[in-house]
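In the two complexes below, chain A is the common chain; its partner is chain B in one and chain C in the other.
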Partner chain A sequence: MRPILMKGHERPLTFLKYNRDGDLLFSCAKDHNPTVWFADNGERLGTYHGHNGAVWSCDISFDSSRLLTGSADTTVKLWDVKRGEQLYTFKFDSPARSVDFAVGEKLAVMTTDPFMDKTSAIHVKRIAEDIEDQDNESALVIRGPTGRINRAVWGPLNKTIVSCGEDAIIRVWDPVTGQEIMSTKDHENGHKKAITSLCISDDKSHFLTGALDKSAKLWDTRTLTLIKTYVTERPVNAVTMSPLLDHVVSPASGWDGIEKIRPEDGVDQLGTADQVVLGGGQDASSVTTTDHRAGKFEAKFYDKILQQEIGGVKGHFGPINALAFNPDGKSFASGGEDGYVRLHHFDPDYFNIKL
Partner chain B sequence: MQNGGQTTNKLRWGELDEDEGEDLDFLLPPKQVIGPDENGIKKVIEYKFNDDGNKVKLTTKTRVRKVAKAHLSKKAIERRSWPKFGDAVQEDVGARLTMVSTEEIALERPQPPGTKQEENKSASDNPFGKGAVLMVCRTCGKRGDHWTSRCPYKDLAQPPESLVDKPPTDGPAAAAPATKGAYIPPSLRAGAERPSTDMRRRNEENSVRVTNLSEDTREADLHELFRPFGQITRVYVAIDQKTGLSRGFGFVNFANREDAERAINKLNGYGYDSLILRVEWATPRAS
Partner chain C sequence: MMKILRGGKLGIRPRFSNIIVVDHLPQVPQENLISWRALFARFTIKLVLLRKMVFGCLLILQPIKLLVIASLSIIHLRKLSLRREKLMDISWISLISSPSTCLMRLRSLWRVPDEWAPPETKPYTPTENLHQWLTDAKARDQFVIRASQDTEVLWNDARQMKPDPVYKRTFWTESFVQWSPLGTYLATVHRQGAAVWGGASTFNRIQRYAHPMVKFIDFSPGENYLVTYSSHEPSNPRDTHRVAINIFDVRTGKVRRDFKGSADDFAVGGTGGLTGVNWPIFKWAGGKDDKYFARIGKNVVSVYETETFSLIDKKSIKVENVMDFSWSPTNPILALFVPEFGNQPAKVSLYQIPSKVEIRQKNLFSVSDCKMYWQSNGDYLAVKVDRYTKTKKSKYTGFELFRIKERDIPIEVLELENKNDKIIAFAWEPKGHRFAVIHGDNPRPDVSFYSMKTAHHTSRVSKLTTVKGKQANALYWSPGGRYIILAGLKGFNGQLEFYNVDELETMATTEHFMCTDIEWDPTGRYVATAVTSVHEMENGFNIWSFNGKLLYRIPKDHFFQFIWRPRPPSLLTPEKEEEIAKNLKKYSKKYEAEDQDVSMLLSEQDREKRRLLKEEWSSWVTKWKKYHEEEKLEREKLRDGEVSDEEEEYEAKEVEIEEVVGVEEEIVSFDFE
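This part shows the complex of A and B:
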């Protein structure tokens, strides 16, 4: 395949997300302007101006009309996707990291980093249907985990919030009371180092986490039982799962990418081709001492069920920081420390890979 | 009064000069976009003033490729026609934010460990492959490739008797015992696994230095010259970075030590490109 290279950002990429229809790709980077691209040909549709710091993550509403971005300038902004205008700014007292719309978009979960004497926190905000009624009040603030919370997402039916971060513990919270329902604190096979990324499946039944302990793990959302572990030789920065094939991309920190792919509809009813994709590599600070041929800047594909490596996709000149699978499962995007987004449309033979 | 008028006049001239470029931009024909036609060729014609103030027509032809067939929803099709916003509004044709990689990137399957090494080992142990082949060239000793009469090296290499049957005096002494019951370390015995580091050292030992090469000698030439003696694993000619010409020396690595020895005996003092070659064992690099 010939990837499409998109050079819209001047600084390292931090996050990538497709809208539900898979026709738009949103990219966040350490430069201050989230960007939207057409996902088929990589043409730039527009940029969102207003943030004054690195943008760490974003989420798009179900109907692709609104965009939520979390930035290090201590704000989360709500945008009009079509015109690129700011609709509302949520203000915090420390940098915002992760944002996620609840199903129905009545609520959103946002996390803030520890800053000065402030600890990290998970905020639940109500999102008003009419922007005039929007307010800055948090419906719930959860504090507790030490260190940065790298990702917080909604569980099935908005009944839980799953969070993970630098303390290497995955926690499940009640979004009404703020109680911790369960965690992997005493889990002997849990992650050993900071968890950098989390990707939840479409049906929210399971999710994939990637950590600096050079592994990615697949968990059951309801019971928080460990289902699978994907081991790689570098820290995992980003993870994603194929919505089509049973492939997992195990996360790689800094430099590896792993993704999950699934067989074409109808081709493999039993799902023998589950895939995961992991992205990562070494720490950005050690890049200059590493030969790019060492292959640490690859996105790695793993079979979701057999936990075996399917292959790697090279191309970035630095660690992969972000990975996203198109909802149709036929293409994926990776964003690197090198400032490029690479959009890969799979060749037909990809869908017939047998281990 | 008069003085004042003059100064303003002068100022105006100065201003005019500076503003000229910008003002005249309005005089340029508008940007034209033609296509994409049925072949996917899109033509963009732009007009600009260059630094000398001349009007320049800039035509950019791009091929629009359909990368993926997508079943777009109605909303997605509508989004396709959304106007651009933000930085995307004033994008010049030359910006090239989106490019298709010139490189073909494959999903690289992981190699089962050991496969590659195995290949190298068998190749270096038996350069002519496993199966016995009837077609053996008597000039260069290559099997299964060509008959002796068709040997591509026959002009270069001397008749086989002189080439093969004149080993160095200590050659057979060194080589023969190896096959006749002398002690062979387990790591070198047939079928033993050979770690790659060991192999690399062995290859370095079979390195031959060639000096007094002519300026336009290339690696391909050396390969051609040394090929008749046996399997070559590496050819290197030192090239001057500035001139791009050969610096007069190079290295050839053989898979087998015997082949390298034969090559040294044969080609040392050989006239090549009107120069007398000097061929010797490469001294190991000081570590």
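This part shows the complex of A and C:
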């Protein structure tokens, strides 16, 4: 597969998000303008002007009509996707980082960074259906975790908020009372270093976290049970999960074609009859001789169940900061420190990786 | 004695640290006491001269014991210990000058009973079998790795495609670890000295060797002796470093000989490191009996023998301007290199030890540098000679090849086809007659293989082949010969080519990205490549089969060392080995069957593991699906009754709509001509 190089940002990418239909791709970068692209050919559809600082994350409503962006200019803005107009600006006293719409889009969770003497916080805001009724009031403010909160997302049925950040702890909060319900604080196999990213499954049943301790971990949302751990050789900046196949992509960067791991000559090829598994055939000892000479900023694919590396996609000239799978599972996008978004449509043989 | 001290008129604080005991004085009649005092005054003056500041001295002359009490500051005491040799030349004085042990020593002397009793005979307790590891049922090899604070010894279980832990210890060493040359011991290095470890099933400490601030260690080839080295910062920055070297007996832990001096004394020849010292300073003659060792000095080569730990014939070999030397790995033959000096040409000479007879010499002209390479059996010596061209502007390289085992040691000169090619690496085939050279100036140099034998004429060097344009800058022969890795380290990012020299063909071309170290296991079956912490990323090691198949890789952060445990030489006779090689099919059957079993078992286990993983996963997925189903209604409610959920399948329909915008009629006139 040949990637589509999308050059629209002038600064490093920070976040990528597909809309639900998978036809639009929203990108955020340290330049001030979130951008929307056609997800199939990578053509730029438009930009959203108004922020005055790096944009750290965004979320798109279920019907793709509204866009929420969190920026270091201490604001979160609500946009009209189609016309590119600002609908409302939420103001904070410190830089905003993560934003996430609740199911139904009547609520949104936003996080703010520690700044001067302000600690980090998780804010729950009501989103009015009619923009005239929108106000800046927070329904709930949660403070507590030390250091930056890198991501906060809604759990199933908006009954929980899952947050993670620099303290390496994943916490689950009650979005009404602000009580901490669960955390991985005493979890012996929890992350050891700052958690950089979190990606929740479509049905919100499980989520994947990536951390600087060179691992990504898969958790059950309802019980906070550690299900899987994916170990890599470098710090994980971004994670995403294939909605189609049982893969996980961890720290990402560019493109050359997924390098497949060669099956070990002597070892029997193990059957992979189960349609859930893609490319789970061989021993961990025979992982690929990955050729990552140029910078080795690579997106790595792991088998979700077997926790084994399947292959990698290279191409970026810098670390990969953002990753997103198209909801149809047939393409994915990566955003790098180099300012490029690379859009990869999988080759047919990707869907048959069976080793 | 304390009474005497307390009653002392000197006003010095009596501490055991400032008492020097002078013992074994001759019995002095009372009337001669005065003259003895005078003699002692002289000695005291000497002490005063040495240390400039002795606040006071008290001499107590008793029939057999005499105490010199001096109040010294710590610094002075330290200086004193350095000058001990000087004091020693008053031969009847034995000084116990180690300040802290002074009292202890004295006390133990006092406790010696007057009656002699025969020593008790201790019953013999068998020691552990230090060679247990060689009897491994699966004939595996061990290796030691050091990563972060952990030092770990592991089996290389290539069949299982993973290492099998033997022993692990955190903070086992303070700087590095090292196997003894035959693999019996693992040496660790600490601030207080070195220690060796070994044993049947685990690693117990076998012996300690006290040497404060030890920096380097080196075993003799038969692992009978351990040389330790330390250098100490001088208190005056203009002085050179002080160097201390001890040679220990490995088994008893006793010092057999020590050397002390300034770093300059030990920094002759070659280019030294930071401290100006080339390690090892003492080079051991080859062979298991550890008979001779030698070091280079200014215009001399000093050869010691281990019977008495003194110079052979009590004198060194005088060689003007000697620059470098090396031992034959098997025989007591010493090769020396003397550079050009004035009208004297440069020369390479071979000396027989212990007779010190020069058995061969070769004069060389316009030499800029020389390097000596011995073949592992001591059959051949290659001397790489860098020469100036006539204009003296550029250099070219040639080889002088000595056939040590042949009569009169014939010498052959080998020059590369392209004389101007730079030599990047050179390596003899272990136990063989071939060697490999990487040469060339371009970014992709060539690799040539030569043999010391030809089909018809046995003593003639011949080229086997040249492989062109390789990304290689280092050569790693298999310890069994025949196979070689052409490695591109550093600038080449860890390119590896596994080459079969018998067939002259490449077996595999691969890469271990950023690889810094390559080491064959002692049997030549496996190769380890490692990225050590000189790089920040990619730390860890890979294990390959001899033909370049990656068996497994272990990433480890802060990876410092990987060393295979050496094996002692095979006990089989060459005839027996040949017989085995001939009937390899017969012998290999058994092992192939074992391999087959293991691989079956592995895939069986793997399949089972995978099945369990899948079952576990599907139980999660079922649970999630159930929840998702149950929550469907609530979710719809949250979305204001919108049914559309992620389960919904939507279809893209192409709808064509034709709209009639308007109808207009126009009469077009035709012109028929």
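Rule of thumb we're sticking to: the second predicted complex is superposed on the first by the 310 of 355 C-alpha atoms of A that agree within 3 Å, B and C clash if a C-alpha of one lies under 4 Å from a C-alpha of the other, contacts with A are read in each partner's own complex, and residues count from 1 in each chain.
Just so it is clear, contacts are C-beta pairs under 8 Å (C-beta built on N, C-alpha and C of every residue); 3 or more make two chains touch, one makes a residue touch a chain.
Since the structure is predicted, the reported quantities are computational estimates derived from the model, not experimental observations.
In the superposed pair of complexes, A:D338 makes contact with neither chain B nor chain C.
Residue contacts after overlaying the shared chain place A:E166 against neither chain B nor chain C.
By the document's definition of touching, neither partner reaches A:D113: not chain B, not chain C. Residue contacts after overlaying the shared chain place A:D31 against neither chain B nor chain C. Legend: residue contacts after superposition of the two complexes on their common chain; A:G84 is shown touching chain B, with no touch to chain C. Applying the stated contact rule after C-alpha superposition, one finds that A:D59 touches neither chain B nor chain C. The intersection of chain A residues touching chain B with those touching chain C, taken from the two complexes, comprises 21.
Those residues of chain C whose C-beta lies close enough to touch chain A in the complex are 161-162, 493, 510-513, 537-538, 540, 549-553, 555, 599, 602-603, 606-607, 610, 613-614, 617-618, 620-621, 623-625, 627-628, 631, 634-635, 638-640, 642, 646, 650. By the touch criterion given at the top, residues 64-68, 70-73, 75-76, 79-80, 82, 84-89, 91, 96-110 of chain B touch chain A in their complex. Put simply, chain A touches chain C in their complex at residues 20-21, 62, 102-104, 106, 156-158, 202-203, 205-206, 220, 222, 227, 233-234, 246, 265-268, 270-271, 274, 276-277, 280, 283-287, 289-293, 296, 304-306.
Residue ranges of chain A in contact with chain B, taken from their complex: 1-8, 21-24, 33, 35, 37-38, 40-49, 63-64, 82-84, 298, 301, 309-315, 328, 330-331, 342, 344-347, 350, 353.
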